[in-house]
Amino acid sequence: MSNEIMSELRKDYIYNLMIKGEREDGRKFDEYREITIDTNVIEKAEGSARVKLGDTHLVVGVKIQTGTPFPDTPDQGVIITNLELIPLASPVFESGPPREDAIELARVVDRGIRESESIDLSKLCITPGEKVWMVFIDVHVLDDGGNIMDAASLGAIAALMTAKLPAQRFGVGEDTPVPMRDVPVAVTAVEIGGTIMLDPSLNEQSIAGTKLTVISNQDGGLSGMQKSGVLPLTTEQINYIVDISIEKAKELREKFLEI
Amino acid sequence: MVKPEKLIENGIRLDGRKPDEIRPIKIKVGVLNRADGSCYFEFGGNKVIAAVYGPREVHPRHMQKSNSAVVRYRYNMASFSVEDRKRPGPDRRSIEVSKVSREALEPVIFQEYFPRSAIDIFVEVLQADAGTRTAGINAASIALADAGIPMKSLVSACAVGKVDDTLVLDLNKDEDNYGQADMPIAMTPDGNITLLQMDGHLTREEFKEGLEMAKKGCLMIAEMQRAALLEKYSSLIEGEVNE
Amino acid sequence: MSNEIMSELRKDYIYNLMIKGEREDGRKFDEYREITIDTNVIEKAEGSARVKLGDTHLVVGVKIQTGTPFPDTPDQGVIITNLELIPLASPVFESGPPREDAIELARVVDRGIRESESIDLSKLCITPGEKVWMVFIDVHVLDDGGNIMDAASLGAIAALMTAKLPAQRFGVGEDTPVPMRDVPVAVTAVEIGGTIMLDPSLNEQSIAGTKLTVISNQDGGLSGMQKSGVLPLTTEQINYIVDISIEKAKELREKFLEI
Amino acid sequence: MVKPEKLIENGIRLDGRKPDEIRPIKIKVGVLNRADGSCYFEFGGNKVIAAVYGPREVHPRHMQKSNSAVVRYRYNMASFSVEDRKRPGPDRRSIEVSKVSREALEPVIFQEYFPRSAIDIFVEVLQADAGTRTAGINAASIALADAGIPMKSLVSACAVGKVDDTLVLDLNKDEDNYGQADMPIAMTPDGNITLLQMDGHLTREEFKEGLEMAKKGCLMIAEMQRAALLEKYSSLIEGEVNE
Amino acid sequence: MSNEIMSELRKDYIYNLMIKGEREDGRKFDEYREITIDTNVIEKAEGSARVKLGDTHLVVGVKIQTGTPFPDTPDQGVIITNLELIPLASPVFESGPPREDAIELARVVDRGIRESESIDLSKLCITPGEKVWMVFIDVHVLDDGGNIMDAASLGAIAALMTAKLPAQRFGVGEDTPVPMRDVPVAVTAVEIGGTIMLDPSLNEQSIAGTKLTVISNQDGGLSGMQKSGVLPLTTEQINYIVDISIEKAKELREKFLEI
Amino acid sequence: MVKPEKLIENGIRLDGRKPDEIRPIKIKVGVLNRADGSCYFEFGGNKVIAAVYGPREVHPRHMQKSNSAVVRYRYNMASFSVEDRKRPGPDRRSIEVSKVSREALEPVIFQEYFPRSAIDIFVEVLQADAGTRTAGINAASIALADAGIPMKSLVSACAVGKVDDTLVLDLNKDEDNYGQADMPIAMTPDGNITLLQMDGHLTREEFKEGLEMAKKGCLMIAEMQRAALLEKYSSLIEGEVNE
């Protein structure tokens, strides 16, 4: 019961702030929390990044090894994205196989990389039909402060941009960077009482009925979207979120991901 | 199938449809005896069946909500529904599809009427041909109504995609495999979007145009859903009159 | 408690009818409910059948692909039968891995096909020791109205009789029918208060202490039997069931499975 | 082993038995300390051990029955019990064997004496040589008696099969591999059949004849079961007298 | 509650005996219960042993087959040790995947064999990088009377010492014994109220806060140790246990394992 | 890396350390927001993070202890923490490491203060370089203190090993791979051993000498653990003073 009362109080608090045009941490509605991205934090990984987005803290490790291509794409490498919501990161996460939230997050991050064609999969082919590079992107969430999606997406692309194909170790030539050709950025908005806010904090996220993640590319085009949550959105809200997300992605890309 | 040179020729798609045309739909309401509500839905080559049980007791107990029903949605593909046999049981894709499909329907269900109970929706894909999640949502929406679950409205779902640089409604399998973008949506009749996913490449303008196109598709489907339910209930009433 | 009362009432009702020589749906004790079998209902499957047996409704899909033979039978194809009691089909079925009832059903259907030698496994060999046809028989129960066993068995054999080996798709010649040489048919009886009834309805099945399934072939011989349930049967009862099952199987075979 | 040309020569089977002869049996009652009842049973090359615990509390609670005990049966093969190492843990075969074995014993247990409790039967196959399920049921039946579980009677199990067109009792491994039919049954001493399975090819007449033959086998085994239990209890009484 | 009272009473009983220098079964503190080891008890296994250690009773089966070596040790055979605490053996064991106690036991037995280099793994190589002998050691506990560790360890080494590489069956030459070069023996002690006791019975084990297993070799050297349980040990206690364990291992080895 | 000819040259190890020298340690206390206590611990190439939650409610309920807290410990290696990617999820090794690590800490926790509750310790290995279990215990010990869990003392852990016939403290990866023995211990400041494992070959004398060496290592680490906690709390007090 006390949980429900707490949740009710939190809801009122965030709502009342929102009506005054404010957020609990003083941000503007379209403002992100402070972001820090450190790369090459795990020497054993072929690429890695630690992302802090406000209170959210995660590490992305990229492991790359050789493997067999899928039969239907014999001349393309393979990307596999995994994300776990381990119980270290939040009192509400539990041990055991990943659950629907973790699977959804992993699959949206994965599609963001894959569908944007940010990695040139054909350049991950070593011997067609036989040997290709397998790129494992593992997102390890350490502290859930809300909006894991955007942090994971930023971390994944930052880790990939600094990752190397370990060709020497596998005896197939010289190490080279992972062949990147785009820098997709995910921007997540929530709707609370009719107002759209970017980069929801844990409290905002917990009271918001719905989230929309928009993934956009360097050319300003869209390569992925995912609505998540039990409340509907209107066409106007969606179009508004798409517009500000593309702008915000541009800003984040320039600030944190252009080398 | 090898990628065809053109997926659209003279404004006509390989299966003979115009860009804004949906595939043929066949709906049967109340096809199962044990379920409280059910619907068989054919959408082009997709064949899905939805069943609804509930409101009923929740097991395990700790999943109960004290002030509303729990809605559960299980999307499952039959092993034989696809070209290469699928291993039985849930995989990561079906878990995600189940989640977003459930969220597509929750907004219209009066969950607060049934505290501590469960409304279970089961969708089985007997044959898959691109668009199984939209077919499943369309079927589930009817099955909920057939089960007498109080709802604000039906939910209709349809995808829009991009093929040969053209926006097209309701992708078929080849268009899905060789197209440039796929965007399934679900919608209430008054235009509220309850599911939105997108993959591939769309410009901001294409997205906005595509969204409108998909909404039109949903409205067409909503008509057919209503007609199918009406037919079932008018036949029921007729049956009662004849008795 | 109310469940137990319901069950008691149902038991009394069926019992009282039985004493008068009647069944709840007006059938004779050795009469089957209405049967409909439609084949080729799933175009993506190499063979398929939809069976309605009274209120019971299921779809059997046969998928065929190439694979490696078992080491101890290098010149024989492989049959794998799977049956799931998915929660769509009954309020008492649950999600999760198949439980003992589903496993027993699948294994009896499988043995019915296998032990009757209805499929010539040696003709499913493509290259001995290397490549054989793998025949997956998947039974998808949609509505449990009792006696899934006989419906699944009918569906499996009907689906196999219309299935093709997809040799073209796998680049090993022309498509040919699955090499069938017998048509086994399962007939299930229950014992209720000393009376034997064929094709139990859901209610009859739920109050019966024991079931006996008898699988017989075109020549009137037996190729499988399975007693299921916690009450014993006498030799006389068993012999009686065997006798009427063989006759009934002949009738069902002629009516529904001869092409 | 390659299939031998003949499995029966001059009416004698490869292991020297006559068609209606069962393999040697060795029984030890009460071989385990922790279990409430136990039995080691050798049946030809089969070596099985059965343990019974109960009546005892049921976990998880929701498996309780309000008016009778729950009987559970776990048949398990040791990894080293067969020629090619078996992966540990239950597989589909062992789940089915557990089910039919439990049902073979339930008719003789006075379950209604112990509402809300469990009677757990565990059968471990240490060495397998065709006939493990019948060996297991024979062992479990004795272990139940050893545990003091009230029973209407013992249950005895034996298979009949067809080999070289001849009906034979209690198949060994080669007869099982190369034979034409296998039919395990379990029976109470008064002739009630509690387990019946059949695989292979039998005519209607062979079946009826085979069933009688298997029943005779069960009666022979019942004798030995009784003798083993008697021996244990007479030695117990002797022990008491000597004290 | 009654369990807790029982446990309290048992504790008092064992304690009071201990103060008088006694154990519940009349043994000295450094004395083992009666041991029986029978080998070749399972003809289907390549090696086997039945061990009775007081009330503890288990069977170890060794299965040997050919397989592929691990990539990092292409010229070495593979040992895999498995131990299950099946519910037949104790009212407190449960069905399901092995839990931490069973895993710890299996891993300590495994390390005892492996780290002592008692098996010459290089002699288990048939064709380097391609084919080696895989030795599966399966410990099947039938009756838990305490100190499964030492019984399992004795059984594993006894089964290995009588096991044969089934070269004929796999068509790679003549059968030969498993190449053994040492006979490690595990000795387990518990600490109860400051007193060290070897080979704890079930009761002693259940009230002891901590166990220490010491594995020593023919030359009197140590090849493995494992402390298990929630109470600490002092350096003096550890050194004392190590000293008596080495002596006791020598005694057990000579009595039960020298052929 | 191929096995080097010598792992110790002129009394100096390949990474420049003397035999009784431990690797550099870096400690950060309270690095996580959600956890009740946390610690980041670098130990040579090992990078681990520990979080403590509790005392808190126990789920599932039947795991509660009526007169003390339940301590749970989950040691987990990140997929990317090792040379060859590790499959996510627990394996047999991590289950054993979790068990002995939990037992290494239980003796110092006042569990009886918190009946019916749980103290959950989570250790994630972000990078592994031989010694992850000792690094994890060192981190967990600090995280427990940071969470305010009442403890009798800290616990410190360190391994000793044998390399080129020489006893050395705190093995690195190469020494672990090519060494002759590895013996991790955990200890309270007053010398009580709470974890002890050993693999490889040690004479009785080497063992005794090694144990003393490992204890010295633990004392060095205990110093650093205390210093790190002190730093955090003095900065907290300073913070309060400045306010």
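Chains: A, B, C, D, E and F, in written order; residue numbering restarts at 1 for each.
Note that in this section contacts are C-beta pairs under 8 Å (C-beta built on N, C-alpha and C of every residue); 3 or more make two chains touch, one makes a residue touch a chain.
Remember, it's a predicted structure, so these values are computed and weren't measured experimentally.
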Contact-graph distance - origin chain B, target chain F: 2
Path length in the contact graph (chain C to chain E, fewest steps): 2
Farthest chain relative to chain D (centres taken as mean CA coordinates): A
Copy-to-copy rotation for chain B and chain D - C-alpha atoms, rounded to a multiple of 5°: 120
Of all other chains, the one whose Cα centre sits farthest from chain B: E
Distance from the mean Cα position of chain C to that of chain A, given in whole angstrom: 49
Approximate Å spacing (C-alpha centroids) for the pair chain A, chain B: 27
Averaged-CA centre spacing for the pair chain F and chain A, given as whole angstrom: 32
Junction residues of chain B, two or more chains touched: none
For chain A, residues that touch 2 or more chains besides their own: none
Topology of the chain contact graph, where touching chains are joined (line, ring, star, complete, other): ring
Direction chain D, origin chain C - full chain order round the ring: C, D, E, F, A, B
Residues on chain F engaged by chain A in the complex (per definition of touch): 32-35, 45, 47, 49, 51, 53, 56, 74, 76, 78-85, 88-89, 120, 122-124, 126-129
Residue numbers on chain A that touch chain F, as the complex places them: 42-45, 48, 55, 57, 59, 61-63, 65, 82, 84, 86-91, 95, 97, 136, 138, 140, 142-145
List of chain D residues in touch with chain C within their complex: 66, 92-93, 95-96, 98-100, 103, 106-107, 183, 188, 191-204, 207-208, 211-212, 215
Chain A residues touching chain B - in the complex, by the definition given at the top: 4, 100, 103-104, 106-107, 111, 115-117, 212, 217, 220-235, 238-239, 242-243, 246
